[in-house]
Every structure is written in structure tokens, then in C-alpha cells.
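Some structures to go through are shown next.
After this come two complexes, each holding subunit A, first together with subunit B and then together with subunit C.
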Partner chain A sequence: MRPLTDEETKTMFEKLSKYIGDNIKLLVDRPDGSYCFRLHNDRVYYMSEKILKLATHISRDKLVSVGTCFGKFTKTIKFRLHITALDFLAPYAKFKVWVKSGAEQSFLYGNHVLKAGLGRITENTMQYQGVVVYSMTDVPLGFGVAAKSTLECRQVDPMSIVVFHQADVGEFIRNEDTLT
Partner chain B sequence: MAACSVEALLAKAEQEEAEKLKSITVQKDLDLEFDIGNLLASDKTRIESRDFRGQKKEDFLRSLARDNTQLLVNEIWKLPSERVEEAIVTKLPDQTTPLPREKPPPKPRPPTKWEEFAKLKGIQKRKKTNLVWDENRVDKNEYNRLKNIARAQKVKLPGVGLIPTPQQSKEDLVKAVSVARTSTASAGRFQDRLPKEKPPRKTGKKRKFEPLIGNFSNEKQKQLELLKHMGSKKPQLDINRAVNKQMREENREEAAARFKKGGKKGRKSTMSGKGGKGKGGKGKGGPGKGAQGKGGPGKGGQGGKSGGKRRGKLGKH
Partner chain C sequence: MGRKLDPTNTVKRGPGRKSRKQKGAETELAKFITDGDYQMFLKTHNNWISIDEHWEEEEEEEEQTKQTKKGAKDQGKKSAKLGIKEVEEEEDDDDDEMVDDYGALLPIERAAKKEKKKKETMAQESDDDDDDDDEEEDEDGGDKEKKSDADSDEEDTVQANMDEMDAFRLPDAEECEKESIIPLDLKTIYQRIKDNVDVLCNFSTKREVGKERSEYISLLKKDLCTYYSYNNFLIEKLMDLFPLSELVDFLEANEIQRPVTIRTNTLKTRRRDLAQALINRGVNLDPLGKWSKVGLVIYDSSVPVGATPEYLSGQYMLQGASSFLPVMALSPQEGELVLDMSSAPGGKTTYIAQLMRNTGMIVANDANADRLKSVVGNVHRLGVTNTVICNYDGRQFPKVMSGFDRVLLDAPCSGTGVIAKDPAVKTSKDEADIQRSAHLQKELILSAIDSVNAESSSGGYLVYCTCSIMVEENEWVVDYALKKRNVKLVPIGLDFGKEGFTRFKERRFHPTLRLTRRFYPHSHNMDGFFVAKFKKFSNVVPTATAGKEKDITDAPEATAVTGSPEEKPSKSDKKKKTVPGKAGDLKGKPQANGTAAKKTANIKKKGKRDSPAGPKKAKIAKMDGETVQEAEAKKPAVKTADDTKASKAEKKEGSRFEKKQGKNRKATTKANGRMGKNKFRKLKNMLRKKGGE
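Moving on to the complex of A and B:
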């Protein structure tokens, strides 16, 4: 386990800011405690200082996971956000997409969201903006990338993709082995 | 007397041997064909049908089998034998009988992606240079001698990779270059590179990280500053937003124009009918609606704009 270097921090923040914008500072600087990011086996974990101090007692090869895993750095040092970060992205999300109840199941199986399944979308969403996907009952389901801006969304036909799927809560069952 | 008995003994011995050999030698009309590699002996003599009657059949077959087997074994014993761990073995010669295939012949498999690519590009298979192990003691001795001298005189050698060899591979040359570059007073730090030379990949410097539990507030400060820096670097004029804004304005204008047109058309069609009242009503309705139309989306536009970040002063809304 080690802290992130400057480049790694920058890459990660850039990725996060695509979804939560400048609300990252609320993650970095929290009023209810001191939280930090640490890197272990190419994965980034977000944990409180207390947990970190406890984790130092476990050896590197035996340590599986600490706190919440936000994502991992790939071999080409790109940052990939995992579904386990949803709890921290959902409350701070800038751009949201609500999915109709019928298309909810399809999204949870890993499919993209079509225009026919789109319930609501925040105004002023840019194309390729990171969005958090909610169900109609305001339950966060996952996140993705907007395939069309809000204006375009109104004009396209119902079978075109409006949100590219990136992660959904169904992955907790599908990818049980690879999530830490 | 002794001579007589010796003669008798010899004769007896000869007789016994003959008896023994009798069982080994077999008289055959036609010689068998042998394929020792397959342990096969083929007998082409004709079989009389009278030998196959009744009880004689079994005996005939048995004796035939025994004779042929004896001949086969005799043939095997003719081969050079050797002793391997208390057993006498011989190496069988190659098979002469052609046997049919057990499985069908392999179908020509489709060319792999590389094969196709190579054919397309005309790439030929290149065999690696067949460097053989040099048994020459002289060169080895010379090299060892030099090494011993160096050790005795405490002279530092550049490294294992720089043995003088007649054929130097690419890696050897690269290593030699890197060694030459770093053998300057400042360990190669201010050494210019040749025009096409690539920068060295491994700097040899060990990566140093921050301590695991360092100063938390320091860390926080650094991260906040990084965020601030990232935020300020974002461009003021976002092209996508500008385009979308333009589109929104155009939509609004179109909508307003449609309302106006609707009003005018309405007036023309109902001129004869409800006449003045209709005109008056429509007249008021027209510009009123139009104004409202501009105000409504205008308000919405304004609200939307203030909600998001204000990205520069793009003209007048």
C-alpha cells in the first residue's frame, strides 16, 4: 500500500471530475473525519485514517482490500472506475439520468440505455459527459457516459443509444470474483 | 577302451545335438517371407484340403503354426543382439510392409492471420544464424587469462555483457552504447544523444514514494491545490456548450416564428366569419403570445444558464 503519486492523483481526479465535477473536494476534505486514497496492487482505495492505521498491521500479500475500492489503474496507467465507487459518486453527481422501470432490468444486465428506456435527463448534459444512472424511484443503479447531449436526446429515434453503460449494480453478482 | 568310450561319447553327443537341432530346423517347401520390423512371417505354401479333415485339422494347424513361429524366431536370432539388464534384446529393422492409415489424412488447415499477413507483405521466413558452440580452447583460455590479470590488478571490468565476440547481437550493442554513455564524469547526465537515438528506457533510479502514513493535512492541501489547478485550466469557451446554446436560441426563435405565423394565418382564414371580434381577439392574442413565448423560454434559458457554471460572457442573451 502506498499513497498515490502526483500523476496518479491527477489522472484519478480527472476521471472522477467527469462524474462529480468539483464536488471532489467534498471527498478530499470531509468535515466528519480525515479520509485518504491509497494504492494497493494497482487499485485505489478510499478509507478513513483510522482504518488505514489498522490496515498497516496486515502484510502486503495478505491484504485483499481496504475501505472502498474506487477503481484501478490499468497496465497503460489509465484509471478505470469501478461500481464500488457508486456510493460516493451518487450523492455528488452533477448530471443524472433516470431510467424507466422497463429498461431498468436491461441496464442492470450490462446493456446500454436506449432512448425508449430514458425517463429523465438533467438539462445541459453535454455529449460524452459522465452521468450517474438512477431508477425512477431515485435509487442509483450505476454510471455511464451520455451518448447524446440533452437536446439531441429529444430528437433521436427511440432505438438509438443515449447512455453508454460503464458500470451497474448488477456487477456485484456478475463480476463477484473480480471485484475487491 | 578309453578311445572306444570317447568315440562312443562323441557319437552320442552328436546324435543328441542332431535331435536338438531337428526341433529347431524346419523343412519347408517354400521359404517364408519375413518382415522382421513388424514381426511378420508370411507362408505362401498351398494347403492341401485333405489336411483339413476332422481331427487332423487341429494337429495340422498346430504344427504349421509351430513351424512358422520357429522359423520367425530363427530369423530374429539372426539379428545382432545386445544385453540390457539381464535381458538379451535386439533392435528390430525397419518395417517393410506398408500399412494403411489409421485415421484419415489431415485436411489443409486455413492459413493463420500471420501467414496471411506474411503472404500479403511478401515476408519470408528467416532462419536464425546458425552459430555453433565453439569448442576452441584457445579463445576461452585467452579470455580467462585476461580476467585473471584484471582481478590481480584490481582493474574494474565493464560487465558480463561486454565480452568481445565476433558477432554482436542487437542487445550487446545497445548495452555497449549505454555503458559508454554512462562512463563520463557526470555519469552520462549531460551527454547529448545522436539525432535518431532513443532516450534510455531504464533510468536506474529507484522510485521513491511518500510514506504511507505521512502528514494528512499536507496531503489534503496538495490535493486541494491540484483540484484548484485543474479547475482553472479548463477552457473558458467550451465549444460544445456554445453550439448547444446556439441550437437552443435557434429553436426558440423558430418556436416564436411559428406562433407569429399561426396568429397571422388564423386571422386571414376567419376574416369573413367572426370578423372584427375575431380579428381583435386574434390580434391581441398574437403579439401577446409571441411576447410570452419569448419570455418563457428566455426565463428557462436564463435559469438553465445560472444553474450550470457561467462559462465566459458569450454575447448577449
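Moving on to the complex of A and C:
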């Protein structure tokens, strides 16, 4: 386990800021202690410093996971955000999309969100803005990228995609293996 | 009828003449009752209606019941079905007061019938074998169909059995051969099992003359193996564990699944809200029981329970009811350091985390890397942030990390408690498997104990649990741990469950085993489980044998013989024998202890190094002779050497220290600068020789 290099930190924060803007500092300086990111086996883990101390006792090949995994760096040093980060993205999300109950299941299977399934969307969403997807009962279902800005969403036909799927909670069942 | 007659409780008849004359109400009643009138009584319960009114209805019912019987599958339950059928018919009469489950007989009526039956069977002489068939055939006939009550059926057969040679006859050699060629159908086997158990429960009265109990039992074993598809080994083990009546219940319970239960994730939602959300989706559920605030039991569901958006967002977890128990027993507090040694698939780990409200730290370990993926998945899904997941063999754990406040060990086991989930266990387990499991569990529990920090301010607890019902894996392992380490059993904090065994067959366990709990599928409607909660009261590891002076490894591990004789394994080593005596002495002399404390402190300073102590002790051992005095002298030498090796941990322990002081009491001879008797004698001799020269 090692701390992230500056490059890696930059890449990751860029990705995160797409969803939560400049609330990233709220992730690091928390009232209940300071948290940090660490890299292990190409994956970025978010943990409090207390757990960090504990985890150093465990040898590298035996350590499987610490705290929460946010995502991983691909072979070409791009950062891919995983669904496991949802719990930390959702409260700080800048732009949200609510999905109708009928289209919930479709999104959970990994499909994009169509205009027909769109319940609500925050104002001023830019095109290609990172958004967090909620169900109508305010349960976070995943995140994605807005395919259309809010204004366009109003005008476009019902079968066109409004949110590109990036990650959804259904992956806990579908892709259990890729979590580690 | 004036007074309430309950002939089922037999009042002792008095000595006088009148009691002999009066035979009791049932005999009186029997005079009134004829079989033809029976239906009337069934319906009219308390109200006396004229016989004529019901005569036609009765005839109709006879025909109906005849037809339903042919459809009934299970012969053993035939009469029960009959009873139910008749209850249904009687519901037309709208008699709510017929309380009996299977139907309509008042106890008084039942007894009256018994009397009648007795008289009839006295006269009859029917063949044993035919009697079984008789029961079945008769039910098709006119008379027996009136037996709507299953209980009355049994009681009648009891009477019949008592009067002839027992209705259940062991098959002789010919029949056995026939059976091996053409196996009996399951119904017959089931009936035979029931009858056999019946006979065995009332053996003296119902046995066949000349047949031994062992023959009945061997037949029962064979039948159980065939009917429930178990292997011989397991059936024998189960027979040792359960009385025969419970055995069949247990085996039956293993055939059906336990109800699906879920645990609310209180980190993300409340049980009330979750229940509401699931009901809206079409799930039929109920709270689990008053012993759990987070459990819900699912009766049926129109959506897959493991794939709802609530499940995916981590608001609940599918978990067996029995898995709640060890975590409730562990009761981790906020801010503690907890270890879950065998954590896959992560249900208990996440429950621990939610009880700790994501504070403190949890280490979730499992030896199987594939199963750890499910732990990772569940931990992330349920929003647990204070967990480190690692892949060690549990036995190595104290070396990696120790000093946990609480440890949970859900040991890998033979799985005999979860046969309902995995029927392969019925045939695949044998003696070697159980022994292997038990060995592994013993190693794991010792490692687990060594990982606990006894000095912890809020904890020092270990919970050991298995999903097995075998004594070798449960009580024996717990007893082993009690002998080998400084732990004691404490109540687990759950008020239900059966107490663990304190003795089983030829083994005798520590009496505190009463505090452990066993759970069974047939009595608690959850998977078979065993839970034991330990409290570690000292970080010191007792040696196996005081005689062996091994290399001393780490500071925390000090070779110190514990005071209490129970914890020492009983060896024939002479040293062991004297030590209990010493412990006895100590208690009588506390003041000496106080002074000895200082003296031993001095000694400690002198003899710091471990290595010289080793050979030194050996030297001392050589020099001393074979007398008891020698042993005593040896003891102080050994003890002081022990003290020198012992770490500061010893000093810190309160009561323990006192005992050690007491043991070292005899060392005061050395501390005072005096020498032991033998040395003195030797010195005397030397001086004499010198003086002589």
C-alpha cells in the first residue's frame, strides 16, 4: 500500500470533481478525523488514518481491501470510478437525476437512461456533466454522464438517451468479481 | 354433566369399598355410547341433540370419509387427515368449541371409547402382523372410521398393543431377505419407524418377548438411513445426541428449508422503513422475533428478495437467523478493535460494523481468497467503512496482529446443523471429517484466544460458534480451550436456546459449559448452531507441561504455571502434583507473599538473562536428589527461574501475581541468602572432609 503520487492524485481528483465539484476537500478533512487515499494493487482505497495504521501490519500479498475502494487505475493510467464510491459521491453530488420507477430496473441492468424514464433533473446541468442517479424514493442507484443538458432534455423525443450509464448498484451482483 | 371430567388425569382410587364400586365416569358413559351414536357426540359436544336427527348425516359422512381415505398419502397421518376432514364437515354445524386439533372427541369420549375397545380386544385374538394391516384396513371399514381423532387412534392401538403381543413385530430373516430384493416403499418404512420409536419409548410394555432392544434399534437405524438418506455414521451420532422422539423431529426439520430472513442495515435505513418499502414491492414479511430488532422474516415475495433496489443499495442483507446470534452475543461496542476470523461471506462482519456504527476498526479475515470477494462486495454494498479485509490462515493470526478487544470465530465445521441447506452433508460426513474439523477448530480457537487482549478496557471477549451440532466440534473444543488458556465462559446474553452439554457419553466437560447454547432446527426454527462466549482474564499463556523447559519466545508468552488446578492438564509429573499443594499453602499465607514480592523482585534483577536460567535450572535439577525435599527445593529454583523469565505482564496481573508470589514463597530461602537443605548437607560434607584433611 502506498500513497498516491501527484500525477495519480491529480487524475483521480479530476474525475471526482466531475461528480462532486470542489467538495473533494470535504472528503479529506472530515470532522471525525482525517481520511486519506492509498493505492494498493492499482486500486485506490479511501480510509481513515486509524485504519491505515492497522492495515500496515498486514502484508501486501494478504491484504485484500481497506476501507472503501473508490476505483482503479487502468493500464494506461486512467482512473475508473467504481460503484463502491457511490456512498461518498451521493451526499456531495452537484447534479442529480431522478429516474422513474419503471425505468429503475433497466438502469440497474446497465442500460442508459432514456427520456421516457427521466423523472427529474437538476437545473443547469451541462452536457456531459457527471451526474448521480437516484430513484424516485431518493435512493442512489449509480452515476453517469448527462447526454443532454437540461434544456435539451425538455425538448428531445422520449426514446433518446439522456444519461449515459457509468456505474450502477446492480453491479454488486453482476460484477462481484471485479470489485476485487 | 356436573363436574369437569378429565379422565386423562387418573385420580388414585381410595382404599374404601365405595371407590372399588365406582369405576369412574368413563365406564358409565361407555354404557350409553354405541358406535352408531358416535357421530352425534362428535357434533353435539355440549349440546344433547336427539339421535335421530343426525343419523342420516352420519351415514353420509361415513361414505365421504371412506373416499377421502383412499386419497390420503401418508398412512401415518391418515387418521389425522380423517380428523381434519371431519372437522371440516363439522364446521357446518359451526361448533367453535371443538378445540381439539384433529377433531371432535372430548377427552371423556375418548376414554369411553378406550374402555370399549379394551373390552373388544380382550375378546379378539388377532395376529401381530395383521394388526398393523388391520389398522389400515379397518380404517376402510365401518368401525374405525369413527376414529376421527389421531390421538384416539394411537391410544387405541396402545391398548391393542398392550393386550396382544406388540403390534410392531421385528422382521425375521426371511422378511429381511425379501426386503433386500424388493425394497419396501417409503410409506411402510415411515410407519415402521413410527411404530419402532413408539415401542422403544415404552419398551418394557411393548416389546416383543425374546427380542433385544438392540435389535429394535438396529432396525430403526436402518430405516432412518433409508427413509431420510443418511449414512450410518451420522445416524448413529444423531442417536447419541437426541432422544428418539426428538430424533425424528430433527430429521423431519432437516428436510424442509428454514424461512428466509433478512437483516436491516441500520447504517442506511430503519427496519420500519425497510419493511414498508419491501411491502410496497410485494414482499410478505414480519419481524423476526422479539429477540431481534433488525431481523425480518420473509414468507413469500413476488420479486426476488436478493435483487430488489433496496438490497442493491445496501439497506438489508440476506442472513440466516442463527447468524444473528453470535454477533449479538459478542455485542461489540463503539470504538473497539474487533477481529472476525472466518468472515466470509461477510454477514456477521457487516452486522458487527453496524452495531459499532462504523466507528472503531474491524479486521475481516478468511483463509479462502475466492470467498473473500463476497466479503468485499458485502462490505462495500452495506456502506461499511471501518473494515480491513485480509486473507490469512486464522492459525497464523496472533503473529500478524493481536491485542483485539473482541474476536469472533465462526469456525469451519462439518455443517451438520445446516443439513437443510446442504443435503450432501447427510452422506458425505464420516468420523475422519469430524475429527479433522475438530482439530482445525482447536487450533483456531487457541489462535483466536491469543489474539484477544485480556487487558482491554471494554472487552477481552471471544465468541466461538459453529453451525454444527456435534459434540466433538462444540463442547469438546470449548473444553479444550478452557484447559489450555486463561479463559472462562460467560453467559452469552441470549435467553433462549438449549444449554450445552456438560457431559456426553464417556466425556466430562467443565461445568460452566452450561453457559453455552445450542440451537436446533426443530425446536427453534433456525439452523443448528452452537454459541460460546469466553472472557480472557490473563494474557499469559500457560505451558502445557511445567517439566519441559523450552526456549522462551516472546515477552507476552510467559511460562507460568497457573494457580488453579482445574486449568492444568493433569499429568503424572511429580512437579505437577506438588504444585496444587503449594497453591493450597499459598492461600494460607498472604503476608509471606507480600514480602516474597520484594525478594523475587531482587532475584529478577539478578538473573535477567533467559539462557543461563535454562542450564542453571538443569544443573540444579541434576544436583538435587530424588526426595520430596528435593522436589521442593527444585520448585523454588524453578519458580525463581520462571520469574526471571516472566515478563512485566506478570507483575501487572493482580490476583495472578499474588498467587505467583505465593508459589515463590518457598524461594524466600534463597532470597534470604540461605541455601536449601541439600546444598547445606553437601556443604557440610565438604567442610567435614576439609576438616578431616
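Going forward, the second predicted complex is superposed on the first by the 180 of 180 C-alpha atoms of A that agree within 3 Å, B and C clash if a C-alpha of one lies under 4 Å from a C-alpha of the other, contacts with A are read in each partner's own complex, and residues count from 1 in each chain.
Assume contacts are C-beta pairs under 8 Å (C-beta built on N, C-alpha and C of every residue); 3 or more make two chains touch, one makes a residue touch a chain.
Please read all numbers here as calculations on a predicted model, not as lab measurements.
A.B. asks: On subunit A, do subunit B and subunit C fit together or clash when superposed?
C.D. replies: fit
A.B. asks: May I ask you to decide whether A:Thr5 touches subunit B, subunit C, both, or neither, giving the answer as first, second, both or neither?
C.D. replies: First partner only, subunit B.
A.B. asks: Report for A:Glu104: first if it touches subunit B alone, second if subunit C alone, otherwise both or neither.
C.D. replies: In the superposition, A:Glu104 contacts subunit C only.
A.B. asks: Please work out whether A:Glu49 is in contact with subunit B alone, subunit C alone, both, or neither, and reply first, second, both or neither.
C.D. replies: A:Glu49 sits against subunit B, while subunit C stays out of touch.
A.B. asks: How many degrees, to the nearest 10, separate the directions from subunit A's C-alpha centre towards those of subunit B and subunit C?
C.D. replies: Computed angle, apex subunit A: 90 degrees.
A.B. asks: Quick check on the superposed pair: does A:Met126 touch subunit B, subunit C, both, or neither? Answer first, second, both or neither.
C.D. replies: It touches subunit B, and subunit C stays clear.
A.B. asks: When the two structures are overlaid on chain A, which partner does A:Asp87 contact: first (subunit B), second (subunit C), both, or neither?
C.D. replies: second
A.B. asks: If we overlay the two complexes on their shared chain A, which of subunit B and subunit C does A:Ser65 touch? Say first, second, both or neither.
C.D. replies: A:Ser65: touches subunit C, not subunit B.
A.B. asks: Could you say whether A:Leu151 touches subunit B, subunit C, both of them, or neither, answering first, second, both or neither?
C.D. replies: Only subunit B; A:Leu151 stays clear of subunit C.
A.B. asks: On the combined arrangement from the superposition, state the nearest Cα-Cα distance between subunit B and subunit C in Å.
C.D. replies: Minimum over all C-alpha pairs: 16 Å.
A.B. asks: Please give the residue numbers of subunit A that touch subunit C in the complex, ascending.
C.D. replies: For this pair, the touching residues of subunit A are 47-48, 50-51, 54-55, 57-59, 62-69, 84, 87, 104, 108, 135, 137, 139-141, 169-170, 172-173, 176-177, 179-180.
A.B. asks: Which residues, counting only subunit C, touch subunit A once they are in their complex?
C.D. replies: Residues of subunit C touching subunit A: 277, 306-307, 309-310, 312-315, 337, 361, 363, 369, 372-377, 379-381, 383, 385-392, 400-401.
A.B. asks: What part of subunit B is in contact with subunit A in the complex they form?
C.D. replies: Result: residues 209-214, 216, 219-220, 222-224, 226-227, 230-231, 240-241, 244, 247-248, 251, 304, 307-308 of subunit B touch subunit A.
A.B. asks: Can you list the subunit A residues touching subunit B in their complex?
C.D. replies: Touch residues, subunit A against subunit B: 1-3, 5-6, 9-10, 13-14, 17, 22, 24-25, 28-29, 34, 36, 38, 49, 52-53, 56, 123-124, 126-127, 149, 151.
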